Amino acid sequence: MKNSLKEKFLSPSKQTYQESFGKIISSFCILIIIALVVSILGFVTTKGIDTFTQSKINVFDFLFGNVWSPSSTGANGKPEVGAAPMIVTSFTVTLISAAIATPFAIACAIFMTFIANNRGSRLLRSTIELLVGIPSVIYGYIGLTLVVPLVRSIYGGTGFGILAGAIVLFVMILPTVTSLTVDSIKSVPDYYIKASYGLGATRWQTIYKVVLKISLPGILTAVIFGMTRAFGEALAVQMVIGNSITMPTNLTTPASTLTSQLTTGIGNTIMGTLQNNALWSLALVLLFMSLFFNILIKIIGKRGAAKYES
Amino acid sequence: MQKYDLSKSYVKEVNSNIALETDQLSVFYGKKQATYDISLKIPKHSITALIGASGSGKSTYLRSLNRMNENGNTNVKGKIIYEGIDINSSKVNVYEVRKHIGMVFQEPNPFAKSIRGNITFALKNHGIKDKKVLEERVVSSLKQAAIWDEVKDHLDDSAMSLSGGQKQRLCIARAIAMQPDILLLDEPTSALDPVSTGKIEETLRELKKNYTIIIVTHNIQQASRVSDYTAFMHSGHLLEYNDTNSIFNNPEMQITNDYISGHFG
Amino acid sequence: MNNRLIHFISALGILILFLTGCSSNNGSKSKEITSVGSTALQPLVEQAAHQYSTEKGLTINVQGGGSGTGLSQVSQGAVNIGNSDVFADKQTGIDAKKLTDYKVAVVGITPVVNKGVGVKNISFKQLRDIFTGKFTNWKQLGGKNQEIIVINRVKGSGTRNTFESSVLNGEKALNAQEQDSNGTVKRIVSSTPGAISYLSFSFLDNTLQPLSIDGVKPEDKNVEDNSWKIWSYEHMYTAKDAKKNVKDFIQYLQSKPTQDGLVKKLGYISIHDMKVVKSSDNVVTKK
Amino acid sequence: MNPKSVNRIATTVINSLVGVVVALLVLLISYILVTGLPHMSLDFLLSPSQSYQAGGGIRDQLFNSIYLVILTLIISFPIALGAGIYLAEYAPKNWIVDVIRTLIEVLSSLPSVVVGLFAYLVFVIKFQVGFSIISGAVALTIFNLPLLTRNIEDSIKSVPDFQMQGALALGLSKWTTIIKIIFPSAIPGIITGIILSSGRIFGEAAALIYTSGQSAPVLNYANWNPFSPDSFLNPMRPAETLAVHIWKVNSEGITPDANAISSGASAVLILVIILFNFFAHWIGKKLYKKFTVGEVK
């Protein structure tokens, strides 16, 4: 009896195999993703770096130059590939759209979790989620027919520009930010909320001092995903932003983002040429910028979490 | 709070019918040590209570006994001897260990399944396919956990619809259905009202006939009501181990006396 | 720890197997023609492929992606036909000698303006000055007091190349808005006061005002004798040693019935109707 | 100011912000439906598209969109599930995993055209898969994965840990617990992720232009053999989706009724997404019920 027990204890059981199976399957899945991520990043990096290694473009000129004209030679005998106007524009459009979307998303999330009844909140949520599926082109054309004339009538000029782009992007990222914010607010343990009400706090005090604080990292993640979507968006933005490669001086003159330049140019250039490689360099910049945002927000999130824990 | 000398302790020798024994068990969370060289012998078919203030390491110790501390950077050193086997070894099949040493937690945690499903789920995974056997186990475990009369008519309802006390007794039933030797209970009544607590204590007294029970509680009265033996822990050290009567009426250590009479904790 | 390593290695093994399994999948593609490139040319090729493939039992796969993609892919041998709006020797990075050029249609391009600008005729010089930024208000051209908003096509697009080589005379275009399709340009020009751009003839309708240049109207017959000077070819490029069924398909496209039927229906000008020939350097000679 | 009036003001502010969003939603959706529904007819839904004549429909594109979403989910969901489980339950807490997480998030910010070109050069050209639904599904999987993985990880993590503890204490393996206990409880959250990501698939155009292509060959809906070239089920055939069709019609379309087709197709797309969302929620509810209560008969 004792011996057989010892044997049982020392030999693997069904559960051991289940566990190994699970570990292999799930590490396999994450490996697929890592392989994909690494190959795409490697792909973009090798293509994007050619601009600097093969065509000997100065990285500094690329990042801070104001003239984008890879097909013709500039004053110094080299093609001018200055991406600064697009970098600045992409930054601005993304930040503005995220800045507009965040309060709306948080309000909607609070409304859905605390104010509306179950049916109302579900209806609102599914409607917002519906927005994700509208093709960029449609957003672009609605922007062209509604937003651009609106901006034109208020601020004058052509109406094309960063402001119009940011408004369109705001609507496009709203579903992502809202949906993820709702999830993060919902994951705040109920007993915190009950405890807060129990202490006589009003609903707003509870939301502001308890719920939003605890869900801050989650909300920040929601905002990152919204911003990354805004970064990557091309078709809709390029229709309303004017697509002119100049350093933006205000929000209502035409400008161009990294993605819109990338998308419009890529089909018209020949692979392996500087014109084409320069576009991949833009994609590389995009990667670095989004990496930067990710890290920045992670740091903010960690600080927020640390503050809340202490 | 006055300083106590943690190097001195009183551990009564129990020699007959040992169900489980730990030898110099130390638990580390990363670099932080949570328990220090705890050596303890748990007698069969009895209830042993682990008492002590918050942070005394009693839950940590309990969770090591069926190797529930195995995640992340937790490290358990020392021996846990069950049926002559040191089960605190990476060679030992942890799933088998847990089949023999069951556990019930502070927070009632039934699965989001039916009442019946809660009990049969693990049994099926462990290879019991015979419907008759499964049904027998459901009935007997629910009866032993003294919840049968309350749920017998709606075994297919969600376990989530039960009250807190009922949920906890269902969890006990779920653990018993595995027919373990030893049952570890981690503050099983701290989330419950007095009536439910009373019912569970009654259940435990019944269960002791067939099982060895180790219970962590911060309710001193509960320890004195249900247990046969009591171990007092402080700051990760086992300071006194004796039969419950002696500990409560005539503690050997000053610190035990102070804790029991409510000076700290 | 050791355990985890084993798990990872075995998972990696499966992954490699999986990937190699994928890459060895190689079908026979002899009865298939793939044609990639210019989105402007796509409707024509698609429609012709539709009719031709049902007759011949072939699979003809017509995709867009842009002239640049078409030319790169055909010169790398990845596809059978590269559709392009521009001459291959005008594209840097393409070895035009390795390719055969088939002209399958002629497309006329006209400047278009928003209906509200009040200008209908313009000289070549004026047009050039608008696109190089010397004129900034329609008032200067006898129109309304309205700022001129120039909308360009994307650099490298066939329409822009044609327009600039015919109009700008080597001067540099001003830095203006750029759009990458006829459809978008059309919408923007029709909805933006003061806007000017250029479009293929087939996109003209009553939401826009096409401009006559020096009194010549943007019409097919004016293109045919080169009195309307802004026009270009639509090309299909193949490798020098293209398969017979690829050549047959292009011949079908160039045949008189297709040119008079489908090509005209789609708003292009038949290559058979042209009385002049244009070289890649924009030199026009009588046929 | 006393807390009560602050509370009142805050509630008003929140309500009015939500009001703005609702107004925007109503405006957008009714704009699309009002401009599109008049062009929608059974004939429009059931006839093939035309390259230059008026009167083309969207039959094949509609089917392709739905087929592509299903294929993409079949490919991406298991991978995202496995990866999400790994990140939620198995991943060690160290910097390598943090780097992986960040990289995955960075991946989701790439413009879809870059992902499309990557898939084009690797799958369509190098692996010689050709312009096909399967290439499109792979491209969409690539940028579907970050969001879906993240969503599954979060949903799994939001299931209270004591469920896991309870199951482990019964001698069950972690994997069994995740699949049979944790995953079912996480279904509602996961469904949200699936809806969000499939919405993106429905609306995506740029990545598909280079992968699943932008022309739709004639399909035979009576041919159920997925290996036959003209079968509607063949995943190796090129396929234009609804969103790509809308893009094409808008950018280079020369059919006289391009506007009508574009608005009609957009309205159809919205309706399809609504139906899909209902369907996904319904399935989610069914699965949730099936897995959580009354599993034992």
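Lettered A, B, C and D in written order, each chain numbered from 1.
In this section, a contact is a pair of C-beta atoms (placed from the backbone, for glycine too) under 8 Å apart; a residue touches a chain by one contact, two chains touch by 3 or more.
Given the structure is predicted, the values throughout are model-derived calculations rather than measurements.
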Contact-richer chain pair [A-D vs C-D]: A-D
Taking each chain's C-alpha mean as its centre, the one farthest from subunit B: C
Chain centre separation in whole Å, for subunit D relative to subunit A (CA means): 17
Inter-chain centre distance, subunit B versus subunit C - centres from mean C-alpha coordinates, in Å: 77
Length of the line joining the C-alpha centres of subunit C and subunit D, rounded to whole Å: 32
Approximate Å spacing (C-alpha centroids) for the pair subunit A, subunit B: 48
For subunit B, residues that touch 2 or more chains besides their own: 95-97, 125-126
For subunit C, residues contacting two or more additional chains: 39, 64-65, 69, 180, 184
Multi-chain contact sites of subunit D, meaning residues that touch two or more partners: 171-173, 176, 250-251
Contacting chain pairs - touch in the sense defined above: A-B, A-C, A-D, B-D, C-D
Sites on subunit D touched by subunit A in the complex: 3-4, 6-7, 10-11, 13-15, 17-18, 20-22, 24-25, 28-29, 31-32, 78-83, 85-87, 89-91, 100, 102-115, 117-118, 121-122, 142, 145, 147, 149-150, 154-155, 158, 171-176, 178-179, 189, 192, 195-196, 198-200, 202-206, 242-243, 246-247, 250-251, 262, 266, 269-270, 273-274, 277, 281
Contact set on subunit D toward subunit B in their complex: 92-93, 160, 162-163, 165-173, 176, 180-181, 184-185, 292-296
Contacting residues of subunit C [partner subunit A, same complex]: 4, 7-8, 10-12, 14-15, 39, 64-69, 71-72, 76, 91-94, 149, 154-157, 172, 175-180, 184, 187-188, 191-192
Residues on subunit B engaged by subunit D in the complex (per definition of touch): 66, 68, 72, 95-99, 102-105, 107, 109-114, 116-117, 120-122, 125-126, 156-158, 171, 174-175, 178
For the subunit C and subunit D complex, residues of the former touching the latter: 22-23, 25-27, 29, 34, 39-40, 42-44, 46-47, 50, 54, 59, 61-65, 69, 73, 78, 180-184, 202-203, 265-267
